[in-house]
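Sharing a structure below in structure tokens format, with a few things to ask.
Just so it is clear, A, B, C and D label the chains in written order, and each chain counts residues from 1 on its own.
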Amino acid sequence: MLVATTNVDVRYAETDQMGVVYHANYLVWCEIGRTKMIEEIGFSYADMEKTGTLSPVTNVQMNYHFPAKYGQSVTIHTWIEDYNGIRITYGYEIKNDEGKRCLTGTSEHVCVDAKTFRPMKIKKHFPAWHEAYEKYKKQPEA
Amino acid sequence: MLVATTNVDVRYAETDQMGVVYHANYLVWCEIGRTKMIEEIGFSYADMEKTGTLSPVTNVQMNYHFPAKYGQSVTIHTWIEDYNGIRITYGYEIKNDEGKRCLTGTSEHVCVDAKTFRPMKIKKHFPAWHEAYEKYKKQPEA
Amino acid sequence: MLVATTNVDVRYAETDQMGVVYHANYLVWCEIGRTKMIEEIGFSYADMEKTGTLSPVTNVQMNYHFPAKYGQSVTIHTWIEDYNGIRITYGYEIKNDEGKRCLTGTSEHVCVDAKTFRPMKIKKHFPAWHEAYEKYKKQPEA
Amino acid sequence: MLVATTNVDVRYAETDQMGVVYHANYLVWCEIGRTKMIEEIGFSYADMEKTGTLSPVTNVQMNYHFPAKYGQSVTIHTWIEDYNGIRITYGYEIKNDEGKRCLTGTSEHVCVDAKTFRPMKIKKHFPAWHEAYEKYKKQPEA
């Protein structure tokens, strides 16, 4: 199991009138973490899209534990929570710069053809990604 | 059980380079549905905030079924999925203008003091809201 | 000269920690006004894009007079400030529900080929739009 | 004259269905540049807000030269274009990673009391900021 780590400075634009980061913006941070995770195992999501494949989100589950604030930097930890050859589930933990856990969550993705949005088997169409996902995904504990 | 219905025209700003609505923006639409739901049972979230109470999101679960697109109008159905005097869970279904189900999901909320972010019991601090939530929430099926 | 009018309820997501609408979000509202303006003269921007033409922004000038707030509804007035067969300049005025002027501004647009981003003459490629823009644009005062 | 430089990786969330960065998002990048500029001359905007002062935008002027894209990193150059003791005008130039100029622009700001939104003279209320702004602002060419 590989955990990718990336830092993001909270943007003013990401706050709302509660004085904290607006809840939908954590999904954007998770995407940044995901991109980093993919890079660390040797791939590029931008390049995948150039081949005519998209990887839309099919499910998100987010638990908000503690609000992140402007003026802080947050750390996004991302890993492959689950993978079955078709669906990928990424896991996330976001902490603020005092080490407080702000968010835990998962997002589930498939691959689809950019024109038709028809699902594509990752195992079949992207064998190198498939191998890497099998290798780096979270393993069942002994 | 009361289901509030509201329509939203998809904004260009809400799309991404997949040519469909960016997944995080559905959370904004759910919030619009929630605001409408609250209005329909006789309250105003904006007014609640003016009394020094916030209602942050503690959990979201979103299932993305079908992409919404620019040029379409979507319909947001919102109801009270669950309520226990402290936590409120709203349920959502979003359909496009051809009746296709784009999203189903839930979001969970608590009430907190705006200054301290300490949880407040809705039953105790907002008895009128409490009564309405009890009345309009989804009832167990017979 | 035709002035299109459209109303928008301020979204919570559009606020920032100043407790007012974040300045970049007015550009989104201007776009909504622009879309309405185009509809009122008989066209659809979504349909234009389907023919392989985009109309990117080349310049914006925004004057922020008074902050819009959550809980308010704003009115967007949009007109064709200038048009020369190639460039269109839209004018905007946004007022809150007490009639206070929140924003005045302009945005300038061209038409480009969706694949190459090369400029296209509106007069030549979209003669019907051209005629309408000539007809409805702001006329020099006598 | 001091020019602050900062890099930003384009986020997927920042694109729209044109396949390029949505025009309003450049304002967010300018804000990141501004924050960096302020840090480089020894101050913190987040800290200023904690003293009960806000610095809202009163005007933006943006020229869009070339579209930035997902998969790229952009460089934001920010400087103090003008300053008169009350109003600050920041200047911006944003380039993509091939050195192409994507955007040039300015934004104008004042300082206001967080509660009343009444203007505050920077020279009077923030003498240290005043001195720095006088020192680092763009000087008239000889």
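As a convention for this text, a residue touches a chain if its C-beta (ideal position, glycine included) is under 8 Å from a C-beta of that chain, and two chains touch if they have at least 3 such contacts.
Owing to the predicted nature of the structure, the values given are computational and were not obtained by experimental measurement.
Undergrad: Go through A-C and C-D and name the pair with more C-beta contacts between its chains.
TA: C-D
Undergrad: Since chain A and chain B are copies that touch, just let me know if over half of their interface numbering is common to both, same, or not, different.
TA: Here the answer is same, because the shared fraction of interface numbers exceeds one half.
Undergrad: Quick one: report the Å distance separating chain B from chain C, using the average Cα coordinate of each chain.
TA: 30
Undergrad: Roughly how far is chain C from chain D, going centre to centre by Cα mean, in whole Å?
TA: The computed centroid separation for chain C versus chain D comes out at 24 Å.
Undergrad: Please work out the Cα centroid separation of chain A and chain C, and write it as a whole number of Å.
TA: Those two chain centres are 35 Å apart.
Undergrad: Spell out, as numbers or ranges, the residues of chain C touching 2 or more other chains.
TA: 12-13, 17-18, 20, 24, 28, 49, 70
Undergrad: In their complex, what parts of chain C are in touch with chain D?
TA: 17-18, 20, 23-25, 27-28, 49, 54, 56-64, 67, 114, 117
Undergrad: Could you please specify the touching residues of chain C with respect to chain B in the complex?
TA: Those residues of chain C that touch chain B are 9, 11-13, 28, 31-32, 35, 44-47, 49, 70-71.
Undergrad: Can you list the chain A residues touching chain C in their complex?
TA: Result: residues 12-13, 15-20, 22, 24, 70 of chain A touch chain C.
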